[in-house]
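Next, two complexes with chain A in common: one pairs it with chain B, the other with chain C.
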Partner chain A sequence: MVADLFSDFYQFADVFAFLILSAAGLAIIFGMMGVINLAHGEFIMCGVYVTSAAYHAGLPLPLAQACGAVVAGLIGMLLEVTIIRPLYSRPLDSLLVTWGISLVATQGTLIALGSTFPGIDTPGHSFSVGEYSFSSYRMVLFAASLCVLGFVYVLFMRTRFGVHARATMQNPGMAQALGVRKGIIYAVSFGIGTGLAGLCGALYAPTMNLIPTMGASFLVEAFVTVVVGGANVLLGTGPAAIALGVIRAGLNAWYGQVVGEIGLLIAVVLIIRVLPDGFSGWLTRRTS
Partner chain B sequence: MKRRTLLAGAAALPLFNIIDSERAHADTKPIKIGLLEDISGDLAVFGIPKLHGSQLAVEEINGKGGILGRQIELMQLDPQGDNARYQEFARRMLQKEKVDLLIGGITSASREAIRPIVDRTNTLYIYTNQYEGGVCDASMISVGAVPEQQLSTLIPWMVEKFGKRVYTVAADYNFGHLSAEWGRTLLKPLGGQVVGEEFIPLGVSQFAQTIQNIQKAKPDWLYMLNVGAAQNSFFPQASAAHLDIPMGSPIKIMLGFEHKQFPAPVMANMYAAANWFEELDTPAAEDFKKRWRAKFPKETYINDMGYNAYVALYMYKMLAERAKSLNKDDIRKVIAKGDAGIDAPEGHIVIDPKSQHTSHHMRLLSVDKENKVHIVKDFGVIQPYWLGQVGCDLTKSNPKEQYTPDHLPPKR
Partner chain C sequence: MTNLLNGPQTLGRGRAFWSAAAAVLVVALVYPLFVDSYDVGSTAYFLCWVFMALGLCLMWGYNGMMSFGQTFFFGVGGYAYGVIEINLGVANGGAMASLVAALAVTAVAAALLGYFMIYGRIGGMFFGIVTFAVTLALAFFLNQTAGPEWHIGTARLNGFNGMQGMDPLALPWFGGDIDLEGTAFYYFVLVLLIVVYLLLRLLVNSRFGNVLVAIREDPLRAELLGYDVRRYSLVTFVIGSVLGGLSGALYCSWGQFISPSSVGLPAAAMPVVWVAFSGRSDVTATLIGTLLLIAGFQALTIYSEQWALILMGVLLAGTVLIAPDGLIVSLANVVARRRARGGAALKPSLQER
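The block that comes next holds the complex of A and B.
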């Protein structure tokens, strides 16, 4: 009984962590900045590869993972300044350009590093509850997803940078008139977004098979979570991941992964139909 | 009357000359072989060793004087794992380039996409992958291993060694479903029982629920038919959760070289039956590996797909030289004799006339806690007998169908 209850919680926590970690970076870049970033998966892949390379070069895993996040963040900032910046008012062009970046990144990685990359040992041990044994690292992922949610909330709601960033996204001209340096805000926000994508890759690196196209397996979940979350990502992403996590984990458990995946997508269609502004729109309407 | 025959004769003369010179030209013109392999996209990990296998064989054969004294010209296109592109490129190869032989295709879906296009021409097609078996088509030669070679060996051994309760984890497309069906069919006479069967959509990479379902069902061993890099993430996740249940699979290690990608002991306790894996250490195998490594020193692993791609060209050379022709019907007459074979690095292998599939020397391999591969058992040469047994006989008729244990040829 206890074992079954815990295992239900574990399954939910596992799906929740996957949704939050894959969506956090996109929530900032797509949700706040309005760039439909189709290269999101490749920033995740970048985090995975840098983590694995740093780990095999002898760094302890947490440090290697930090490297993965930082490198993805820096590459993101560089791309924002050079390629993305002229495209804020042209969302369809930015879609095309980020898709191009994703193609170049996967094929470039294939050519430069080959079709596979050495994996990393999953850290931590397993623990048993009743007849089931679980990987303790999955609990680390769950804790990390909560930390990421908290970090994004505090950064954008409780710091001066956050106020400037939100002001710039809402009305760049006015923010600039009040002395906010728009260029830096955009570059840093984009960098934080890709850095969080890199962090997602870094955290999942020890649990996956590393190939250049692996980013694609995060992309659907990331977009779905952000869209269901709605325009205000700070308010919406958490509830969206909870709702989708419960639906996905429940269907997975009762009917298997095929129904779980179909059910997730049907749930998204229904939620967007009933709540066109996503969870955040609904919550704002309720509270104001 | 007389004048007319004379005229006709005069008119015919230069025509003969043209045919003659064309024939002479044909004798020195290179043999065009079309190759369709995915060397970019998700399947690049398999497509690249396949391309290397073909390139190595062509270089060796050309270096020793080619086939029937003619050099081979390899024309390679990259369908990028897209079945529509497979069809487009197959048409281009067959109709525009008029290749003498078509080789390639990785997934069963890609093979089934181009087979009808090949069937409309008089060109021979060689499929170089191990697969779920059952294609009865006179235009196709299969050089990879099939279930009666990989599963009729592996499954009884697993049942005897570990027990009768089996849990199947399979990719949700034709290979996964058909191989799962093969598993059920083979387990029944052994008294085996499928205690759980899970189909996973391609691209799914998270397996916490599957791992827990397995622990609940308490199987004696796992029948692993998960496909692709995303689904391979099952192994590190299961290992981290301490699943520790023996696994059997027709596609792991020899094909996906998971033991070279994941750190030990992730692949420990995996068992597979294979005609080729790089750890095979017979003198012929060692010699082959040395030549491969000399040409492609950075290859992560020489997998069975790459090996089969290499063997396919030598098979074609033998067939063409025995037939003294590249014509499909002439080549099939050689196959019909029943002794059309070559000495491959795995051993002597022969094409079966009824199914046009290839016999293979099968060995059972296991992976230890250091991810090292050991040969556990030598099954000897196993014929691709299943199609012939259920009534496919390409020497008599050509149904161009794919049969499965649940879809057998009509009884005559």
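The block that comes next holds the complex of A and C.
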């Protein structure tokens, strides 16, 4: 009984962690800054590759993972300053440009590094509850997803930078008039977003095959989570991941991966049909 | 009729344009006499793709719906043609009936998806994201249909290896069907393309097209003027998507093969690149630009597919950053301004004013 319950929780936690980790960076870039970053998957891929390269160069795994996140963040900041900056008032154009970047990044990686790259063995051992056994690394991922949620919340709600960032995104002109350095805020926020994408890749690096097109497998989940979450990402992303995680884990368990994937999308379309502003819009309406 | 063909929503009018168009048409008609049938076949292959670009141009350029779903409907149309054709057989007009049925299946799929998105008021960028997600999901689903249990009638879907074994199109004719292969297929696609192009010109210059442009410019204002924005958009979405399905069915007939890689990434990016590069606000620009890009892409692919895709990515990002209205439309505007000495552009910019 306990074992069955834990097994259900484990499957939910696995999906939840995947949704939160892949969506967190996008929640900042898309949800807060309004840039539709279709190259999000490629930043995740960047995190994976850097982690693997650093690990095989002899760094311990956690340090290699930190490298993955930092490198993705720095590349993101560079990209923001050079290309993304003129596109804040043109969301659809940002989508096209980042898609172009994603094509270039994927195919460039394919040319430079070939179609496969050495992977990393999954660390940690398995543990058993009752008659089932579970991977402890998946639990680490679940804990990491909670930490990321907490980090984003504290960063944007409890620090001076967070206040400045939210002010800038709400009203750039006014924030600038009050002395906020708009350019730096945008670059750093974008960098944090892509850094979180890199972190996602770094954390999942030991569990996946490394291929240049792997970013696409994160992209859809990331976008649907943010879309279902709604405009206020600090409020919406968590509940969205819980709801989608329950749906996905349930469908996976009963009908398999394919039905899970497609059922998730149908659920998303239905949720947007009923709650056009996502969970955060609904929550805001309920409380105000 | 002439007024509709030369109306305000399309570039290219007057005697000069139509003479040039007639000259191009004559070249296209006599061209198979001078090259071998393999080259004619590959030209027909280029033409197959243009329909989906024209469909996207209608939805995105004229109505403001950014759909990433063209390859979704390409896949639906292609697979539907294959499945129905394999089950019906080519005899007694079976192949042509399969084409019509495949388009009907695509229309139903587009109406369903479009209903949920458009009547759900999923607008702007969310429209792009949902169509994108649905497209990737279809590719994901088709990829894992390799097992023998995945079959419809006698047609095996075959997963990532792709479906094969369907016959090419055949035109029912007195005293035996005409197989549409090689040169015959080229003429069939060419005629189809001309008909679709002219019909689209008529459509966008008609009252319907003017409403579409009004919706693109300001959906709220169009609605307040009494137009049912959602119905217009849904009809447009179905027309544009069926054109995507037509591309898929023709492609499937051309190569007697279709695989999930035609649906997923990076294939899904291609129609968007073609239309954005050419200039989404005009069907003629889309037609010309798409043909140029496909021909260029094929020429490069012979050397390296990766580099060709990188070039597509650079073109997409570069066009949006430098000439957001598309290269061909921008060029046409430059020429028009020169001629009119500072007069207005032919096509107003689509950028936020």
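Odds and ends about this structure:
Just so we're on the same page, the second predicted complex is superposed on the first by the 288 of 288 C-alpha atoms of A that agree within 3 Å, B and C clash if a C-alpha of one lies under 4 Å from a C-alpha of the other, contacts with A are read in each partner's own complex, and residues count from 1 in each chain.
Criterion: a residue touches a chain if its C-beta (ideal position, glycine included) is under 8 Å from a C-beta of that chain, and two chains touch if they have at least 3 such contacts.
Please read these numbers as outputs of a predicted model, since none were measured by experiment.
In the model built by aligning both structures on chain A, chain B clashes with chain C. In the superposition on chain A, A:Asn252 makes contact with chain B only, while chain C stays out of contact range.
Look at A:Leu110: by the touch rule set out above, it reaches both chain B and chain C.
Once chain A of one complex is fitted onto chain A of the other, the partner contacts of A:Leu92 are limited to chain C, with no touch recorded for chain B. In the superposed model, A:Ala216 makes contact with both chain B and chain C.
Residue contacts after overlaying the shared chain place A:Asp277 against neither chain B nor chain C. Contacts of A:Ser102 after superposition on the shared chain: chain C is touched, whereas chain B is not. Contacts of A:Val224 after superposition on the shared chain: chain C is touched, whereas chain B is not. Applying the stated contact rule after C-alpha superposition, one finds that A:Pro118 touches chain B and leaves chain C untouched.
Mapped onto the common chain A, chain C and chain B collide along 153-161, the only clashing stretch among 9-17, 117-125, 153-161 or 225-233. Residues 107, 110, 213, 216, 258, 261 of chain A touch chain B in one complex and chain C in the other. Contact residues on chain A toward chain B in their complex (touch as defined above): 7, 10-11, 14-15, 18, 107, 110, 114-122, 124-126, 131-135, 137-138, 206-214, 216-217, 249, 252-253, 256-258, 260-261. Within the complex, the chain C residues that touch chain A are 66, 116-117, 120-122, 124-126, 128-130, 132-134, 136-137, 140-141, 144, 264-266, 269, 272-273, 276, 304, 306-307, 309-310, 312-318, 320-321, 324, 351-352. Listing the residues of chain A that touch chain C in their complex gives 36, 38, 83, 86, 89-93, 95-97, 99-104, 106-108, 110-111, 213, 216, 219-220, 223-224, 227, 258, 261-262, 265, 268-270, 272-273, 276.
Residue ranges on chain B touching chain A, taken from their complex, read 40-42, 44-45, 48, 172, 198-201, 203-206, 208-210, 212, 215-216, 229-230, 232-233, 235-237, 239-243, 258, 260-263, 266, 298, 300.
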